Amino acid sequence: MYAVFIIFLPFIMAALLPATHRLIGDRLIGWYVMAVPLVLFAALIRLIPQIAGGEIVSASYAWIPDAGIDLAVRVDGLGMIFALLITGVGTLVALYSIYYLSPRESLGHFYVYLLLFMGAMLGVVFSDNLMLLYTFWELTSISSFLLIAFWYHRKGSRYGAQKAMLITVMGGFSLLAGFLMLYFMSGTFSISEIIGMRDVLAGEPMIVPAMFLILLGAFTKSVQFPFHIWLPDAMEAPTPVSAYLHSATMVKAGIYLVALFTPLFGGMEYWFWSLSIAGIVTLLWGAFNAMKQNDLKALLAYSTISQLGLIMSLLGFGSAALSASAAGDPAVYAAAGFAALFYMLNHSTFKGLLFMVIGIVDHEIGTRDIRRLGGLMSFMPVTFTFAVIGSFSMAGLPPFNGFLSKEMFFGAAVDIASGQPFAGGAEVLFPVVGWLASVFTFIYCTIIVYRTFLGPVQPEKIDRVPHEAPKGMLVAPGILAVLVILIFFFPNVIGKYVIGPAMQVMFPALSREADLVPEITAWHGVNLPLVMTFGVIALGLLLFITFRHWRRIYRVAPFRWTMDSIYRGLLQTGEAASTIVTDLYMTGRSRDYFVFIYLFFLITAGGMLFLTGAFEPDFSRGPVGIFEISFVIIMAFAAIAMLFVRSRITATLLNGVLGYSVAIFFVFFRAPDLALTQTVIETVTTVLFLLCFHFLPEWKPEDSPLRTKVVNGLIAIGAGVLVTAFGLTVQGYDVYGSISVYFEESYKLAGGSNIVNAILGDFRAFDTMLEVVVLFIAGIGVYTLIALKPKKGEDDVEGK
Amino acid sequence: MNNVLVLPMLIPLLTGFVLFFLRPSIRAQKMISILSLLSLVAVSVRILLIIRGEGIIRLDFGGWEPPFGILFVGDSFSALMVLTASVVSALIIAYSFTATERRMENMFFYPFAFFLVAGVNGSFLTGDMFNLFVCFEVMLLASYVLITLGGGKVRLAESMKYIAINVVSSWFFLVALAFLYGTVGTLNMAHISVRVAEVGQGPLLSAISVVFLIVFALKAGLFLYFWLPGSYSSPPGPIAALFAALLTKVGVYALFRTFTLMFYHDEFIIMTIIGTMAVVTLIGGCLGAIAYTDIRQIASYNVIIAVGFMMIGLAIFNEEAFKGSVFYLIHDMVIKALLFLIVGAMVYLTGKTKITGMSGLIRNYPVLGWLLFLTTLGLAGVPPLSGFIGKMYIGLGAVEGGNYFLLFAGFASSLVVLYSMLRIFMNCFWGETIINREDQRPYPARRLIPIALLGILTVGIGVGAQALEPFVSDAARVMANPGLYIDAVLGEVES
Amino acid sequence: MEFHMTILVGILVTVAVYLLLSRNMVRIILGTAILSHAVHLLLITMGGAGEGKVPLLRESDGPYADALPQALILTAIVISFATTALLLVLAYRTYEESGSDNMNTIRRIDRE
Amino acid sequence: MNKFAGDGGFGATAAQFLLNLFIAFLWMLLLDEDEFRATTFAAGFIVGIFIVFFMHRFFGTQFYLRRLFAIIKLIFIFNRELVKSSLSVIGQILSPQLKIRPGIFRYDTILESDVEVTMLSLLLTLTPGSVVMEVTEDGQGLYIHAMDLDTSKEALISQLKNFEQAIMEVTR
Amino acid sequence: MKENDVILRTVTRVVVFIILTFGVELFLSGHHNPGGGFVGGLVLSSALVLLYVVFDIETVHQGVPFDFRKIAAFGAMVSLLSGTAAAVLGKPFLSQGFGYFDLPIFGLTELATVTIFEAGVALTVIGTVVTIILSISKDV
Amino acid sequence: MNADTAVEYVAAILMVTGGVMSVVSAIGLIRLPDVYTRSHAATKSSTLAVLLTLLGAFLYFWAVERFIGVRLLLGIVFVFLTAPVAGHVIIRAAHRSGVKLSGISKGDELAEAREKFRQEKESRSEG
Amino acid sequence: MVEILMLISLVLFSFTIVISVYRIIKGPTEPDRVIALDMIGVNLLASIAVVSCILLTKAFMEVILILGILSFIGTIAFSKYIERGIIVERRHSR
């Protein structure tokens, strides 16, 4: 109940928000919203001792039990980390937003989206049912979409929102497919049960595709290369949103998912390589691209991409611990998992801080373009301090938490490279690439600080007089800044109470706590990681200074063919190609449509008849009189003549001949009622033709090109031949008698000796009844068609 | 004997005629309509409950035992379809009370709408192939009149094509019936099934089933859908909504009936031919939905995509997939009604039809905008909305059957649906508001109510899927085990 | 007899389809009319035409010609009449509104 | 005024009764019974009431059953003329060379009422070789197309006279 | 030149009655002989069509002043309700009954509910056909 | 050969004669030069052929089944009543719609009368 | 023998019908065609009478009568169409 309450509180509050908003007004609504994560955070903190004690809080309620979808909630160590992030950062972001957003904005919408997101995110991390998880997963994409497009009148916002939505939802679909495969293999949607079936599932051939599909979902959400492209565009969102969703929480849903499934897939070689390679590539590519950005938020976006890659690669390294066949000490590899979680926490603090700093700059100066900024240090000393703390932490410098986690990353990469758990060889590249990416990271961190706060002020390029942010706005980043430093000094508290329980969830096979929770120390002697850090600083400074000179590298062709341009091109060419293709066959000409229909008939039905050996024509002529034959000839003659006649009256007359001839065939076939009806109907139809001819012009000869005529002719002949072939075959098919022998008792059964009429009026009276309705509809339809004419010049667009 | 089974068709028919006589008083017409619609829904629920209690029920018209007379068969599948059709058409007709021009109301708009519903419900319930043809015709004739009703140049031109093509498809139906009667000598679906099974279908019967496939594919808009965008995008909102919600679904239903009850023996037809058709339909629908900027066109191509999606369920051919398709059918009726009503409202409010011509409507019409957003998500199959559960089961069926390509095609199409709908939402509702609040045309709340109810329904079906689960499972079970249907109709009858 | 009828049906279908493929509305409608003729003949032929006595019990003692297809055709005839009537009126109304009886030029112009 | 009403002379009631009887008789014939049955006639009469009621505004055409003899005579004359002119036309059609000289001429009849003129026209048209094309507004002039004016105009005119005479016997 | 339709009109007056009688006969005899509601209705309406062609709408309307649309609807409703009657009596929808009754004038007569059903059919046919013809003709 | 058989033969011969008449009119339909003359041939087909054939059928049924085919008689009456009217109307329509008589025709008093009427009307409207 | 005679008459009728179809196609004037259709109707009627005799059934008597009636109506309608282009008038206009 408790856990369910945690998930649903944001939704309930969101539902109540409009009413509350009216009640308490714009000024207080932010506080109302902030209360939600704050309360939840407190509640979660209260749970920590239990969770740290290895307890799992869970609850399950039936939702769609027949489909195996339950409202199953499970709070364990892994979920807890993320939930703390969600509520903790959520509180700070809400606080920050109160000052950041002007009351002129539609705050109601904003906060509703924010609460929706919060609830969805909590749902993701607490769900113990795949479908429930998936539901919340998609909801995070949707609320993110709405938040990115908060300023929906901007083109860029809409573009960014759509891009984020399309890519993450695509990943979501893939995730769904993967989940369905898991269900098929395990017979349950319960995550804990599935994970418990690790050994059973390992033998299933479908486990590999399921794994890849789930990874695709995780990668799109956690912006792994090449699906990272939506994140920079998502920066169109208000900065609190960027801080919250697009760095601290939502993008980490993929991380959560990977961590969640580590006990299931961990140890599989595919899993290891996918995560490691995707992570490492993303790390490098993100950092490389971050350096060239002029927009501070874009820079942070790429930096986030890069660091999510780093976390992902760490999870990959760590998964080796679960492999039975991997070389080396599992505990050593598991440390990488620990590092991932630790890095993730730290990232949330310093990146959240930096986003808020950038937000302040943007808010007070009116721009975040580093080409227009500079020298703000003297105007905004507090903000500058925060920026330094955040940047240096991100760059991996002491005494900030980023230093610890960066060192751990280097350590893990080195361990993998030396341990070679799957003997691939490529592991050697991991520390090298990681190090290079760190150099880039150092550079862009320097850029943030230097280009924004140091150097000359450029008053001509900014609209406002620079000044420090209001105090309220500084509170949230201040708390984060304090955390950045605090964690550096007391990392093991977090390691023991927060990360430790999560590690137990991720690596259930490794039971010894010592294996799972390494002691974090700021100073661990001069080892390779430390050396690497020095290298980073040295090379980073050098490159920063010479940045102007090697910047041209971004204009080298392969770097310009970004995934982004591919996405854009795909949409554009997709649209153009769709139009071309669709216009090609959607001609609007009835002739073409009939051609399609009959071609389809010829190909499928004809194919089925002739290619499967069904065609066994019955050529037996049966008794046939010369008179019948002559009518066959007459009808054929009249019909064919119809193709050549010049006037519609002649055609109508010939149609009459056909109709009357049909009537005489009905006579031959012992069908007096039919002959009667056919005769009358034919005459009335002819009268109708004549009535309508008054309103229609005489027809002109069909002057279509010969090619068209030939095609038409071939199709027509094909249709005729096929119907005949079918008919002849059906005649030869003599397995069953008709049910209609029964009707020959009609006098006894229904009191009529005209069998046909007994069928029409009794046995199948329902047909007759409906046929009457059809006739009636047609009659009244004709009336309305004539009586209800649109006024002159009225077009077909709805409205009066 | 279950006379209640005829009511879903009889009530709308009788209502149609009564309304006809009430022409002078629109008020009275509306009163009667509401009463009739409510009782229609009540009856449908009742039927569903009876089926749950007693299993498959049937009504032999005139008391003539199958296979000699005509009969209505109520199994969970048909009853679910009837219920959904009734609810959806009730809401659409309720909507049209507020949105139909007076001159159209005078020209028997409501009677024709009721006839359409009658034809649709009859098609769902009938257990006789020829009667299916006749029910189709009731439905089609009503649709012919509705599509032309009060139309100008464009609409009439589209109607002309629509009718001509449907006439040809009715022709194919008769051709197929002729061949069917010439081979198995019976018209009762269950009896056909028995006779077909007895000879193991064989190449000729398979070939004949392909002719039926053409007929129903034309009706459903499966592969042979080119007639659809034009005709669904020209009539006014409520009519288009009726069409989109009901007509193609009847075709889909018929395809399922035909190929699960009668001609289920030929794997090549079901897996290869229908599978290919479904995928091509998906692709074609997707291309169309992206290609055009006319919102009515985009909506129409979405109809096509959904048809392809549901037919994937048939091509996969296992119980899970059937379940998915049934769920999806229910969902699609609701959501397409919703979509077309909203699209109609947008056209009504702006007088424009292209996404390039509208902008920022959310400021003027926030509720409409959010309902469209909800529709967008529902169409994409986002949980917990109505589309999800069907999509999930189809996906599950595909996994179970190993039809990964179909799975891919289906899910990929959802993405295109999302894209095409977001295009509408973002271009029309977002962006700079171009209509001043003073100049905006008011959108009456009473029109919003039916739309909102449909919106609630799409949420309700998704969230409350458990309520439908037993019925849908039963429907799928019958499809997977035609013997259940046959036993209910013929008893332990020999061929 | 059935053999010849089937051939005849084929010829009628050929002519009808050719007419359907033309651009003139009246030709198309005539095409549908001939299609109806063809299918009615097909139905009765497939029902085993030309065998048995007229299905009137008072006339003879049987065996009777199959009455069921006859009943079906009757229904089909009426329905195709209804459709044809509607189609004809629609054709001239379309001509009135659009000034053309060419099914290929009255297509909508829905793109810029 | 009702345009269907014939040219008067009889009371509407009598005429309706007559027609009703006619229908009843027709009914009996249509039912094809082996013997005369009063019930059948009565049934026909009831059917007739229905039809006459349905169509009573059309009513007014005259029927003279009592001049049966005149009618029989007319039929006889007609059959004679029919055979005569048939043979002559067959001859014309089948002759190796067409030697006919067709044309239209006017004939002014002495008959007056619509029924009389109609009967004359019907009889004339039924006999091969001549077709009535137009009746003038006053109902007196008949424009007749004849197959061969050269050889048969005289015969035609005498035929017309015969018919006129016989018709008048029936109608007056 | 003024024209005179005397021949056509005079004959039509007679012929119409023959057709009408024949139509009714067809309608009633359908139980045992060729005919029935459909054909009967069709023949009756073809008589009306003949009248419309030979005379004109207004003249015929004076003679037959009915609203044919309502006749059609009424007929269809009769067909529907005749099926409902059985359902009300607890039999399957559309159950027909027949029996032999000794009537005062008609003698031993077979009466069948199907006749009511067929009457509805016939009325619909008449109403519809005439509605169609009139609608088009009035559009000139 | 009993009486009935004789009647049967008579009936059959009547039918054949009807057929022959019909063919004669068909020949007329081919050979005759214009619509007016051809209509004469057609009228013959309607009358004599039908008269003979239906009469034959009537006799045949009477001879074989002692059945009095009132509908056949009625058919004869009907055809006799309508066929000339049909001929009259169609030929009138031909003339009114301006179909010319063939070259071998001798004269057209109707066309003359029409022309006269037209001129009178014109002069009246002028004056 | 009787039957053979009947068959002969049927063949003769169908010959006429063939000729009439030819006339419908050939024309040259529309009245020609209508006359030909009328002839077809009447010959069909006669043929059905003969067929009835061959099959020895009374079932087609109605058809015979109906054909007579309807070919009449058809011819009148066609004639009026040829004459005026409109076959049912609101009010007689002469």
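A, B, C, D, E, F and G label the chains in the order they appear, each numbered from 1.
To be clear about the criterion, contacts are C-beta pairs under 8 Å (C-beta built on N, C-alpha and C of every residue); 3 or more make two chains touch, one makes a residue touch a chain.
Listed by chain with UniProt protein names: A = Na+/H+ antiporter subunit A; B = Na+/H+ antiporter subunit D; C = Multicomponent Na+:H+ antiporter subunit C; D = Multicomponent Na+:H+ antiporter subunit E; E = Multisubunit sodium/proton antiporter, MrpB subunit (TC 2.A.63.1); F = Na+/H+ antiporter subunit G; G = Multicomponent Na+:H+ antiporter subunit F.
Fair warning: this is a prediction, and the values are worked out from it, not measured in the lab.
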Pair with more cross-chain C-beta pairs in contact, given C-E and E-G: E-G
Euclidean distance of C-alpha centroids - chain D vs chain G, Å: 21
Distance from chain F to chain C - Cα centre to Cα centre, in angstrom: 32
Computed distance of Cα centres, chain E from chain D, in Å: 28
Length of the line joining the C-alpha centres of chain F and chain G, rounded to whole Å: 11
Multi-chain contact sites of chain B, meaning residues that touch two or more partners: 13, 20, 61-62, 130, 134, 137, 141, 144-145, 148, 152-154, 160-161, 164, 168, 175, 178-179, 181-182, 187, 230, 234, 292
Contacts with two or more other chains, residues of chain G listed in rising order: 10-11, 15, 30, 34, 36, 55, 57-60, 62-63, 65-66, 69-73, 76-78, 80, 82, 86-88
Numbers and ranges of chain A residues touching at least 2 other chains: 579, 583, 588, 590, 594, 668, 670, 672-673, 676-677, 680-681, 683-684, 687-688, 691-695, 723, 727, 730-731, 738-740, 743, 753-754, 760, 762, 764-768, 771, 773-775, 777-782, 785-787, 790
Pairwise chain contacts, counting only pairs that touch as defined: A-B, A-C, A-E, A-G, B-C, B-E, C-E, C-G, D-E, D-F, E-F, E-G, F-G
Contacting residues of chain G [partner chain C, same complex]: 55, 57-59
Partner chain B, residues of chain E touching it in the complex: 69-70, 73, 76-77, 80-81, 83-84, 86-87, 91-96
Touching residues (chain side chain B, partner chain C) in the complex: 130, 134, 137, 141, 144-145, 148, 152-154, 156-161, 163-164, 167-168, 170-171, 174-175, 177-179, 181-182, 187, 230, 233-234, 292, 294, 297
Chain C - residues contacting chain E, complex: 56-58, 74, 78, 82, 85, 89
Chain A contact footprint on chain E (complex, rising order): 26, 30-39, 42-43, 45-46, 49, 53, 69, 72-73, 75-76, 79-80, 83, 93-94, 96, 98, 110, 112, 114, 117-118, 120-121, 124-125, 127-129, 131-133, 135-140
